[in-house]
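Consider the two complexes below, in which subunit A is the common component and subunit B and subunit C are the respective partners.
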Partner chain A sequence: MNQVSVLAQNIPVESSAEAPLLEVRDFSLRRKKATVLDRITLSLNPGETLGLIGESGAGKSTLAMALIGLLRAPEVEIEGSLRFRGTELTALKEADFRRLRGNKIGLIFQDATAALNPCFTVGKQIAEPLRRHLGLSASACRARAVELMQSVGIPEPRLRLDAYPHELSGGMQQRVMIAIALACNPELLLADEPTSALDVTIQAQIMELILDRVRALNSSAIFVLHDLALGAQVCDRIAVMYAGQIVEEGPSECVLNAPLHPYTQGLKSCVVELGMPTLTPIPGQIPPLDAMPNGCRFAPRCPKAQAICGEQRPEAHTRDERQVACWFID
Partner chain B sequence: MWQATFTKLGQTLLVLLLVSVASFSFLKLAPGDPVTIMLGSDYSKASYDQLTQELGLDQPVIVQYGHWLANFVQGDWGTSYITNQNIFELAVFQALPVTLTLAAFSLLIALVIGIPTGVMAALYRNSWVDVLATTLAIGGNAFPSFYLGIILIWVFGVGLGWFPTLGFVAPWDDFWQGMWHLALPAITLGAWYVGLIARITRSSLLEVMGQPYILAAKARGEPGWRVVWVHGMRNVLMPLVTVIGLQLGGMLRGAVMTEVVFSLPGLGMMITSAVLNREYIVIQAGIMLTGVLFVVLNLMVDQTYQFLDPRLRRRK
Partner chain C sequence: MQETIFSLLDVERVYTLGATGWFHRETRQLKALDGVRLELKRGDTLALVGESGSGKSTLIRLMLGLEPASDGRVLYGQHDLAHLDAEARKRFAREVAFIYQNARGSMNPRMRIADILAEPIRLHRLCEEQAIPARVEALIARVGLPAGLLQRFPGELSGGQVRRIAIARALAAEPTVIMADESVAGLDVSVQAQVLNLLRDLCRESGITLVFITHDLGVASYLCEKIAVLYLGRIVEQGPTHDILSAPRHPYTKALLQAFPRFDAPLCASLKGEIPSPVNLPKGCRFAGRCAQVQPACLEVDPPLTLLTPERQVACLFPVVNPC
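And then the complex of A and B:
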């Protein structure tokens, strides 16, 4: 970690309403010498929602996992800073980080069927964070679990409390996941493709539910999505990720309507719209992690690429409210 | 839930019937005419016929089987020629408890050592802990139990004198004396299982720990030990019980050997001495009882699945 930035961060900052809830600065994550996340910088204000958009393998889920501290293994190398409510997460002891997980930071998984333990009742799994973080008694846990299930729209919660996950439908299971993630009123909710394992008819319901609850609790949320249009519809801001880097970040409307980075433009032309003659897919695929180009990681697939793109990494330029990492944004 | 239980019960009865046919045929095929054996060398044609009739041996075989089965079910298993003992009492009240105690104690030792070993091996995969555990597991499986028993007797019984080398004291009569006498035989029989249980625990836990629900438990802020021992191990129980169930036959077989090595008056010892004395009806009782035991234990294992895996249960 950069010595200067550590010193700078240690200066106590008066936490005001304006202070960001989450501040990620130059955060890199390496695994077996492969740079999975490369100098990620972004910030999130209280009550704000951010969409991480990109293809699979872009590092969106990895970033979410790193934010909740589930990638703290010896073989994972970390650099840079993650500040949550002014606390430096990268320097946090495991026992202290555990107090944040499921408490101040909640996580909704992609596939609720796989993320719920098949051997424990739904009520038990909802009660776990209540008991651990809030220290509620067994009966208080049950009462609160019923409330939570009600709040995420599970009918007859009292009956469902003692049901096992396999006895619920996929949509109901995802509602249970949401109830678990929101059990302790987290300030930051991470949702990793919360609807992609569900039927299309239920997807919109679940998305709406998550947004509703986030607004009701006045929490911030980070949605990991692969759909640019959905992201722009759901989130205040959007960060487009490509091969472990953020290539463009800014207010949803700007990013969707006037994308500056060639990759974002490519993603947008992949969106299916009525009356569109043809889709324009982005040629090629994300290069493997151990064979990343030295310059711009998108250069091999970029229609605008020039000599400099293959040689030097473009720094993020600030343009209005946006950050774009490209040599040719005009 | 009950329908499955009844189906299973029906299958069990069918298996037991087959065991009974096999063990009845065994007596029929054994060399020697029971009437001549009972009458001795000097007998008349009239007394021979009379005894044949009394024993029902002039009846068709199927009728003889029916009589025999009826007697067997009622606990009338005959009397030993040699000790003049009631065979039912000998087998069920004397030998069976010894074998069951030995098997249960061995299994307990195997679980208490095998599960933590397997968990450590899985958590520190490819470290020296894993290598040591895997080596011990394979070693335990490769080492013949009768040989291990003899080595244990030689070192801890004869050499160091810490444990008795033979005999059985019922733990329900004198608990500590019983445990003391059972220690070496149970280690001998359990050693094989330690390796098996450690290996299954290791591989199942490795698979379970890679499941999203484990990550989800961590994401709820559950401490590491709870993630492993509650969220992880709860899902390891199923494969573990399956393997233990499959190996019950091996357990009974191993018990026979161990009982002989340590002179424990169990089922194995009973059958072995009956074979040496050519006491066919005792062998027959032994076969029947072992069959029943095996089938009943398997039935119990099957029933535990429903408790272990909620997905196999039906909602009331």
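And then the complex of A and C:
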């Protein structure tokens, strides 16, 4: 192993500054005729962090899975385009996707216990993408694994290398998963509720760690989050999803501090902040996939709904730097 | 003066862990609770907060009489929970209700909601058999759900509906005290807000005494007028919610508060490391290993919970002066 840390090397992003790293255009996904994702349009620049928020069932995880090719035809029906560094992902062969996944695109899931293999040591699991994607030798893999474990704040990495996942705490398992996700210096990191199962103290540590590593690598990240305030703290941009659609998207300080879409406003008024006098819940729930309203999908729960909302789907309007899909933005 | 409902007097709970290796046959002692003192008055709403492993669930199990204290006493009114006679035990079971952490898991999946709600009414013989359906309907209405759900099974309900049913079941015996363990954790904010409003209304309308475990300080501040912060089996700070959140005096409370995500402050990993195992508690302050303002004296002296003001107690040798 050479002396220069692989981690310290800055992997330059190939695409020029103005070309987005990821471009999702009119992307729809259907399961057995039910539209789970409906004309999603998004773009993410190199170095940007994006938060996907919205109630469960909105389609956040489905979008993340589709982005990494874990949900593809013929299992689901797909329309529209997903471009990563200019490459059309929807046209990619499974073998090519495998070269991307865990390499240029890293993954972190909510439940580390379920995501890690209980039968292999932590060291083996961190080494796997290094061997597979970078072709490192066994000894180089071990050395790099120690480095990675150190970089994600696992104390005494040399000793922990041979530990099995169950011998580590939840927070430590999450760190192992981060080490695996970052092993090949990904350009895009996808993290689906990475800290939802952890205490706030550990959540803050893990989030700080992820951001720190993402910045060091100049990578982009997509976080699926259920905590809006955490979204404000860690994301440059926020996309609010409702019933398979993006209803509002823009810089996080605009979207979260002064939401324009009635759904974002509703979500915000449900968040318990310290010393908050009242909470105003959004009435009702997301309609089932097979009974989606024709017009605006939020209409049955929307306090501002008018006749047109029940008939026509609102197109996304641009307001300042954000997109809002609503007929009536004040 | 309000009537005291629960008094915990220097309560300890020790678990004996089995042998760990082939040659080490000795057992180890895990002190999940260590010298807990707590007084709960009628109408109090108390939040127990602290990281996982701090002893919150153990404390509630002791207060419910589900487990005995290894040392110290848990008093319900004047009576030691360890020595209740059959009559008093029955009364206790009716007056003190518990909402489980895993609401769905606590329900028999093969029982209809109507029967789940009728069970405690029958058990405590609260009314005649023919009056039960009306009572069950009143219960489900009280938690804001349609009577149509009564014929369903738990598996057919959403997460939020199941939590409401768990609350309705806890209310069935018309308790005066409700204890709840993480009853809104893992819910979407929209559903969480509905359940929190329901719980808050119930406490305000019926004067129910509430002990609520949560890891979310926002939830604690919304529901409860008092907070007790636990760390490694000890209450390290307690007092009125507003005072504690606006001016935490224990460094651990301050760190929890800083780590709580908020819209108007940057991400702050205020606390290094993880909560250690309570198997080998240090000699001095149990928080010393992670404390931002540890002093040499902290490694020697175990600070007791002491009064700062008549309402406010802190277990720290050097309480925080400039809170945030």
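Heads up, the rule we're going with is that the second predicted complex is superposed on the first by the 314 of 330 C-alpha atoms of A that agree within 3 Å, B and C clash if a C-alpha of one lies under 4 Å from a C-alpha of the other, contacts with A are read in each partner's own complex, and residues count from 1 in each chain.
In this section, a contact is a pair of C-beta atoms (placed from the backbone, for glycine too) under 8 Å apart; a residue touches a chain by one contact, two chains touch by 3 or more.
What you are looking at is a predicted structure, and each value in this text was computed from that prediction instead of being measured.
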Query raised in the report: Put the two structures on top of each other at subunit A: do subunit B and subunit C fit, or clash?
Result: fit
**Report entry** Partner chain(s) touched by A:E208 [first = subunit B, second = subunit C, both, neither]
**Finding:** second
**Report entry** subunit B versus subunit C, judged by how many residues of subunit A each one touches
**Finding:** C
Report task. Answer with first, second, both or neither: which of subunit B and subunit C does A:R132 touch in the superposed model? Result -> first
Report task. With the two complexes superposed on chain A, say which partner A:V122 touches: subunit B (first), subunit C (second), both, or neither. Result -> neither
Query raised in the report: In the superposed arrangement, does A:N257 touch subunit B (first), subunit C (second), both or neither?
Result: second
Report task. Considering only the touch criterion stated at the top, classify A:I154 as touching first (subunit B), second (subunit C), both, or neither. Result -> neither
Report task. Could you say whether A:C270 touches subunit B, subunit C, both of them, or neither, answering first, second, both or neither? Result -> second
Query raised in the report: Which partner does A:H166 reach: the first (subunit B), the second (subunit C), both, or neither?
Result: first
Query raised in the report: After the two structures are laid over each other on chain A, how near do the C-alpha atoms of subunit B and subunit C get, in Å?
Result: 5
Query raised in the report: In the superposed arrangement, what residues of subunit A touch both subunit B and subunit C?
Result: none
Query raised in the report: Across the complex, what residues on subunit C touch subunit A?
Result: 51-52, 158, 160, 186, 188-194, 196-197, 215-219, 221-222, 242, 245-246, 255-257, 259-263, 265-272, 274
Query raised in the report: subunit B touches which residues of subunit A in the complex?
Result: 68, 70, 98-103, 106-107, 109, 111, 114-120, 125, 128-129, 132-133, 164, 166-167, 177, 180
Report summary line: subunit A partner, complex, touching residues on subunit B are 211-213, 215-223, 231, 234-235, 308-311, 315
Report summary line: In the complex, the residues of subunit A that touch subunit C are 55-56, 169, 171-172, 196, 199-205, 207-208, 211, 226-230, 232-234, 256-257, 266-267, 269-276, 279-282, 285
